[in-house]
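What follows is chain A paired twice: with chain B in the first complex and chain C in the second.
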Partner chain A sequence: MATRGAAFQHAVPTAAGAHAPAATGVWSWITTVDHKRIGILYGISAFVFFLIGGIEALIIRLQLATPGAHVVSAETFNALFTMHGTTMVFLAVMPFNAAFMNYMLPLMIGARDVAFPRLNALSFWIFLIGGLFVNASFLVGTPPDGGWFGYTSLTLRQFSPGPAVDFWVISLQVLGASSVIAAVNFIVTILNMRPPGMTLMRMPVFVWMSLVVQFLIVLAFPAVTVGLIFLTFDRFFGTRFYDVLAGGDLHLWQHLFWIFGHPEVYILVLPALGIVSEVLPVFARKPLFGAPVVIYSGVLIGFFGFGVWSHHMFAVGMGPVADAAFSVGTMLIAIPTGVKIFNWLATLWGGTLRPTVALHFAVGLIALFTLGGLSGIMHASPPIDLQQTDTYFVVAHFHYVLIGGALFGLFSGAYYWWPKITGRFLSEGLGRLHFWLLFVAFNLTFFPQHYLGAIGMPRRIYTYQTGMGWDGWNMVSTIGAFGIGLAVFVFLVNAARSLRGPRTAPNDPWDARTLEWRTSSPPPPYDFETIPPVYGRDTFWREKYGDRRGRKPVPLPPAPDPHGTHLPAPSTWPIVMGLGIGLGAVGALTSLALLIVGALILVLGAFSFALEHHRNPMHEHQVGSIGLDHRKLGIWTFLASECMFFGSLIATYMAYRGKSVVGPYPHEILNLPLTTVSTFDLLMSSLLMVLALDAITRGDLAKTRLWLAGTALFGLIFLGFQVYEFASFVHEGLTLQQNLFGSTFFVLTGFHGGHVTIGVAWLLTLWIMALRGRLDRRDAVKVEIAGLYWHFVDIVWIVIFTLIYLVP
Partner chain B sequence: MSQPRPQAAHGRPTNQTGQTGHGDPAGHASVTMYLQIAVILGIITALEFGSIYIRQLTPILVPLLLVMSAAKFSLVVLFFMHLRYDSRVLSVIFTGSLLIATVVVLALVTLPGDFLLFSR
Partner chain C sequence: MEKAAAIVSCVTRPAPGRPPVSVPLAVAMLAGGCAWDGPMSTLTGRSDLARSTLYLYGIVTWATVIIGSVVIGLLAWILFRYRDRPGAPLPRQIAGHSLLEISWTILPALILLVIAIPTMQVIFRTQAPPKPGALEIQVLGKQWWWEFRYPSLELVTANELHVPVGRTVSLRLEGPDVIHSFWVPQLGGKRDVVPGRVNRITFTPDTPGDYPGQCAEYCGTSHANMAMRVIVDRPADFEKWVATQKATPGEPAGAAAEGKGVFTKSACVGCHTIKGVSAGALGPDLTHFGSRQTLAAGMFPNTVENVTAWIRMPTVMKPGAKMPAVPMTEAEAKALATYLVSLK
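For the complex of A and B:
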């Protein structure tokens, strides 16, 4: 079926439940753009990284089992806890969530795939390469050792001179790019690919929580990306962002990291809470109690999540007003979280419970996440937090949240959706053994750590003396950790046995409520033979059993299906671009030539990726369920992310205003008349851009070519002004390294200039296509999204011009 | 037999290309209006530049500059980026994100320093 080079596969459904032949072989997996296969790739990769992170944890616990142990050196211990945190957060739990989202989201909303299948593949390959890159540091003997939070100044070149932190800094930027690309894709998919009748409030709660998470990713990752860019520049180019002697503030890193870091907790946990909200109603045979309130609670948790980051920083001394504000915000989050827990309990109350393993894990999550939440409320109080900061109490707290809240939910989802994904069942007997082993071992490991922290055992210590009162509980904790390892081994055995067995799972083995159970197990490549009709919340249940009074809905005809059962063809460009990024990352640490080769592969891959389906008729019509073109919705979502990116850059410039301890200072060097002219030039380029869009919309190709060329020319003129300005500043003594003003100014305006350069390349590509007759009225949306990007670059400059050049 | 008119998930009817009208480029501002907006943008930029050199404006210079900058920002977003004519979904996504970014930026600017909002 999968013919390389063909625009689309044409997958003709056969008899109900029959599987259309799917492409096989390694190459078909490398080039796949099928959301289900990409979900499986995410799942397998995440599980391998989870095992690596787990082994790191076991070595940590072995070292701490007894006082004065020498299982590993202190340096290795630092690397182990750094890589354990980094691996579990970025390479295990996040991609586990991505696995379920990839596989299930389109099925749950009744779609055939995600909005941008090739971007989906790109996200996966970038993620995998980022994960392999950071773990490759072990192979060269320099694993990162600055903690998963990478606090400066510990991570500056002065205190971490080798490449260890470089591996960490670069890989996190790579992984961040993967996450943001995937988030844009899922937002467009969820908003724009729902069938008729699937209103937002009828969407399954897992889909809702995934939507909230994607917005958190889009808005949270840019902040840490900016922090990482500063750290990269400080380490590689000698800038002064985190140089206290130059007037820098180390808290800047902590703020940028935790602006991301706290929403990241919800990025990890909310999907699991969504899974539980799917599992409980199925195995209680009751609708989710107060489903809209559960949804609103998830949205509120995401929203509040942006206003509480500084509770991770109470110990730095922010002052009583800031402490009070962030304390209140943190306590507020307990309200929607508590609402969810009570709604889950009310769902179970009076239900006809079927105690499957999936339900065991879901109920386990409720218990453990509640405990983690309660200790979280304790941290919300600054005086109490000051006692607990950097002790094992905090380690216990976040493991109750992230294992109890995320991992238990993910295992619940694994047992629940395993038959749908594989067509086979996991053993319920082994599953119960897995659950009880994990539940007991988890509590054995982490509950004593509350006590250890309370009696003063600090985090991240390599060893301790006997007689501190910590010996016994550390041994208990280590025994528990190996129990967790045994539980995971039982799951592996269960999975292996299941995969060797025959496919016996029917379409709907659990008598479930949502659309993914309406198709075969596993689903065919085209997901559904016809787009399923939607009758309300829990639409599949309604279709089977009717409403609460048993009244079945009048059967609806299949929904309109403008694309038929055509599926996007495989593509090699996502992995080519991923390899380009990987080569570039290796080159950044080893050789400039390799970095350039990687960048060239990335750029050429990106062009090929963009033009691969330019004249494919199946790609022309991408208008979705809210009446917007996928690409347009996608670019707006990306621009939302860019707001946070440039906001963080501008905020840093503002926070560092007047902090430089040596000149040149802004008032001595900024050339206002020149910049006013370049600002005017950029504004007028925006006029030419809208004229180009107007022309192509009218089908006036001559004017389209003219205005596109004019916009690109004005962009080039702006860049010329910027090159002149930079050169004159360097001539007058202002460099990246000179002072805080130089560092913040060049990085902010440089990144803006980089965006202008990308915009010019984009416009010139469109112009050349227009000259060669490959652009016409059908491509208006392509000009429109290029224009939206261009105008955004323009409005960013409007802000920069005011805050940097005009405000005295 | 006539085909039923396609409906979007929100239930509003769509046209033959599946668009709901408000997302149609034809519904955007006219060329004349684009030119007028460009002229206004140019004038505001000139006023921004000029206001720096008028000593009498010093007490209100910063808020004045911020207002003029916000006006330019809004004109580009509303007319050149067509947010005034486009789907409300896009407005919610962009303005919501802009609002969160602005609040975070303000906090980031004020938290590390000795500013009035969160003084140590």
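For the complex of A and C:
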């Protein structure tokens, strides 16, 4: 171990239970790459945003308490419900989930950190910047007011002038980037960082649900990213994507938004269902009933979740066939959801139920999520949905799912894992007060909203007239909402008191079943002194109590530990990149110069980030439990996301084909011979890329330099063709703004060209490193991942070339 | 399968003489203060469309209330029965039971059939193309008011839609600006008004009355103030209403005549049509403005005072209103209001 790089802090395990000295101070938090600290940062930020979103909700409820109230203006009210939804979805529940995933996933699978610790820090800082940016809109007096769903044409410049919607569009893109980066990281961590014995089916259900959620994020976010790109281009550059007069279709946004938006529901709620699946067995002192079925049902919910987005669109006029199809698909989701609930009940059945606060919240989730699911079945039936959608009935439904489901699960997890994270207990007495206040106040707030919706109260109205029968129950709902506020305050008091108290929590205070309880509370920076052995599902329980018949496993030697107990060094580059993005976002709304400065900081930060650990011996060997290098698995996962990104762009091009109302039209302008040559050039660059990888694998550095330069050169030639093509099109009258063809063509091929440009920069960087003798056969994997990206971009071009140029 | 079909036919038979939904919902609410027939209640159908929704609503409500009660009841019983007692031994470590798990996968699927089959029937029945002879009305949703055009009768009105009882009405929903949603709960479910597309709602009202409705898709600042009403007239009343609307209003006298002078000399004429006086197209047609009960898409009673205030400061009366405050004195505004209200 003496060869360890100087960039690493040495943290030598000491006697059992001792805490290794950890760095302290603000700077150590800013530069931290420790998954546990990043988890805490996520948790605290999410809680602050949760309080902001809660205050917004209370103002909304004050305004609606009585008919014709004047607490806030119409404009303010519309901004409040927009920001309440945006905040709770993107800035509270998602980062709460991220907090637990960050802290717990590595511990639960017996790993020492995530696969890419610095990327983890990067996702956090980007998230924080995105959250601060969208909330900064309040400070300049223009909060977004187009709804969290941002339907066009209302969100176009014509109907929403000013920067309000710009804040929303840009911050959502920033937050999406953060989520996708984190998702790639978690997928690689879960698949590739498991110690021997931790097979997929032995993973705790929370880990499984997190894995499903990360795949949902990777595959669902690109759709809304593309929708937001169109909206940004329409608002800033005058493209025609959502311009009805130019032939645009407003359903396009709704499809792109809900292809993301429905999986997003499961992104929000599945982690909580995972937490409950951990908490119930511990406090029933029984294994999870039918764990494989609970896992499969979670996977199925995620899978079905991609096929039902249009049930948010029954009112838009898709026609009876589409309504029927999406209705049946939606009803099918009830089956795996029901299976989960029955398996939970069976887990409790026959157990010895220890009524801890964590169990209170888990049981509360079962009850409330069941109600939310059942009202969901009602609007799976389109005729009923047409009476319920956009009324308070739906508001009640999704709060039962997202508070009764997600938030109750998160509170359950908070009480369950608090001793592990802080080394202290939360008060059970205050916790019970917190639970009962929240349970009663929640039902008081939202159960009457079913009734309000049924007797016709629409959503998103800032005022209503008396005489509709809505007055009394709105007042009740408002009183309930303040009760929720009080319950959250009780939790704050509980947390503050606990943090001031002594560290009394033992390693395994609940007599739990999974690996995170096998290390100290709080865990040392390196998580485990030795990588824990895995004997089966609930491996820690098995170690303590044996299997079903009480037979204890034969103790295994500590698992092999290829990396030693090193800790990754802190890094400043994640926050630098985050600041670059923040400056760029501010620049997008204020000045081009600032935008360029932000972009430069981002690019320089990215290069420094990428090269920070080059030649660090600890970073050379990253082959994980499924036999793939982390970086390769990471790039594969990222490319899956890219498939959805280009898929959405290409699908839009195809949907808008022939819909332009003015010329120039494709057949008048496309230059097939020229593009055939450039396509051939790009294909040949892939061949050179293969040669470059072959050369570096063999250690032939001269050839490596040659083929890398060749690939980059062919890429540059392709870009040259594209610049020429764009210029000649503009000369012939086809611009971004001219018609739908111009908008879809330039945005699709332009984003592809952007990808080629990044690829060329990547290859040239490798080439320069090779010239300076900083690249040899140890770095073959770096060339290989650049190659995977390069081949992917080429394949995308073949699809684009076929669909745009070849298909008449 | 036969058994399933039997269950379906048993459950789906509508209960005669009472709204099938209200009983379980009322039980669920446990609240004496709830009335189920408010002006915008979705639980009192007054057209074939609303009634077929209610029939489904009944089935699904019963199914969900029963499932919910069973699950919550079972949960409560388990919590009581298996609560921790001092000295309790370690429970049996049961990992699962295949037969049980298979059965509670299949059971929900069967229950879903009970919901899915009638759902499919109602979807296709309610979205069938309108029969010939239906009264076609063009509905234009605009920020933040409704325009109703009767092509066959050559009539245009705003915010208050008159239809005859017992005749099938086919609404052609179109919009020039942003997405709105047409919704009159007692007459049926909502349907979006999407710029660039044509949507349809077809229904046959079966009870005369005055049914309030509201835009149900968030459409900007005054989304809350985009109400409407559908007045279902007896056939004779409808004929009378049509005749009044087709007539050119008579020449006003007194203050109203003065108001007409204000109207013709001001910017009003650029946006509003009054048959024989002006031909503006942006704002509502005012030819029979006085025959409407409310002002500003259902916000205020249509009185001279309210109309005066509206003319003087539209955005105070209705946030974001697109009508500019045309400069005029209080007296001029009042005369103008008197004129407008006189246009019966």
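Quick note on the criterion: the second predicted complex is superposed on the first by the 802 of 808 C-alpha atoms of A that agree within 3 Å, B and C clash if a C-alpha of one lies under 4 Å from a C-alpha of the other, contacts with A are read in each partner's own complex, and residues count from 1 in each chain.
As a working rule, a contact is a pair of C-beta atoms (placed from the backbone, for glycine too) under 8 Å apart; a residue touches a chain by one contact, two chains touch by 3 or more.
These numbers come from a predicted model, not from an experiment.
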Check your understanding: When the two structures are overlaid on chain A, which partner does A:Leu386 contact: first (chain B), second (chain C), both, or neither?
Key -> second
Check your understanding: Which of the two partners, first being chain B and second being chain C, lies in contact with A:His251: first, second, both, or neither?
Key -> both
Exercise for review: May I ask you to decide whether A:Glu75 touches chain B, chain C, both, or neither, giving the answer as first, second, both or neither?
Suggested key: second
Exercise for review: Check the residue A:Cys643 against both partner chains and state whether it touches chain B (first), chain C (second), both, or neither.
Suggested key: first
Exercise for review: Name the contact category of A:Gly319: first (chain B only), second (chain C only), both, or neither.
Suggested key: both
Exercise for review: Have a look at where A:Leu154 lands relative to chain B and chain C in the superposition and call it first, second, both or neither.
Suggested key: second
Check your understanding: When the two structures are overlaid on chain A, which partner does A:Pro506 contact: first (chain B), second (chain C), both, or neither?
Key -> neither
Check your understanding: Which holds for A:Leu345: it touches chain B only (first), chain C only (second), both, or neither?
Key -> second
Exercise for review: State whether A:Val218 touches chain B only (first), chain C only (second), both chains, or neither.
Suggested key: first
Check your understanding: For chain A, which residues lie in the overlap of the chain B contacts and the chain C contacts?
Key -> 249, 251, 317, 319
Review point. Taking the complex as given, what residues does chain B use to touch chain A?
Key: 6-12, 14, 17-23, 25-26, 28-29, 31, 34-35, 37-38, 41-42, 45-46, 48-49, 52, 61-62, 65-66, 68-69, 72-73, 76-77, 79-81, 87, 89-90, 93-94, 96-98, 100-106, 108-109, 111-113, 117-120
Review point. In their complex, what parts of chain A are in touch with chain B?
Key: 191, 194-199, 218-219, 223, 249, 251-252, 255-256, 259, 306-307, 310, 317-319, 321-322, 325, 560, 562, 621, 623-629, 632-633, 636-637, 639-641, 643-644, 647-648, 650-652, 654-655, 672-673, 676, 679-680, 683-684, 686-687, 689-691, 693-694, 697, 780, 784, 787-788, 791-792, 794-795, 798-799, 801-803, 806-808
**Study point:** Touching residues (chain side chain A, partner chain C) in the complex
**Key:** 73-75, 78, 147, 151, 153-154, 159-160, 244, 248-251, 284-287, 289-293, 315-317, 319-320, 323-324, 327-328, 331-332, 334-335, 338-339, 341-343, 345-346, 348-355, 363, 366-367, 370-371, 374-375, 377-378, 380-391, 447, 451, 453-464, 467-470, 472-473, 545, 547-548
Point to revise | chain C to chain A touching residues, read off their complex | key: 25, 29, 31, 33-36, 38-43, 50, 52-53, 56-57, 60-61, 63-64, 67-68, 71-72, 74-75, 78-79, 82-85, 88-97, 100-101, 104-105, 108-109, 112, 115-116, 119-120, 122-124, 126-127, 143, 173, 177-179, 181, 183, 185, 188-192, 194-197, 199-200, 212, 214-225, 319-320
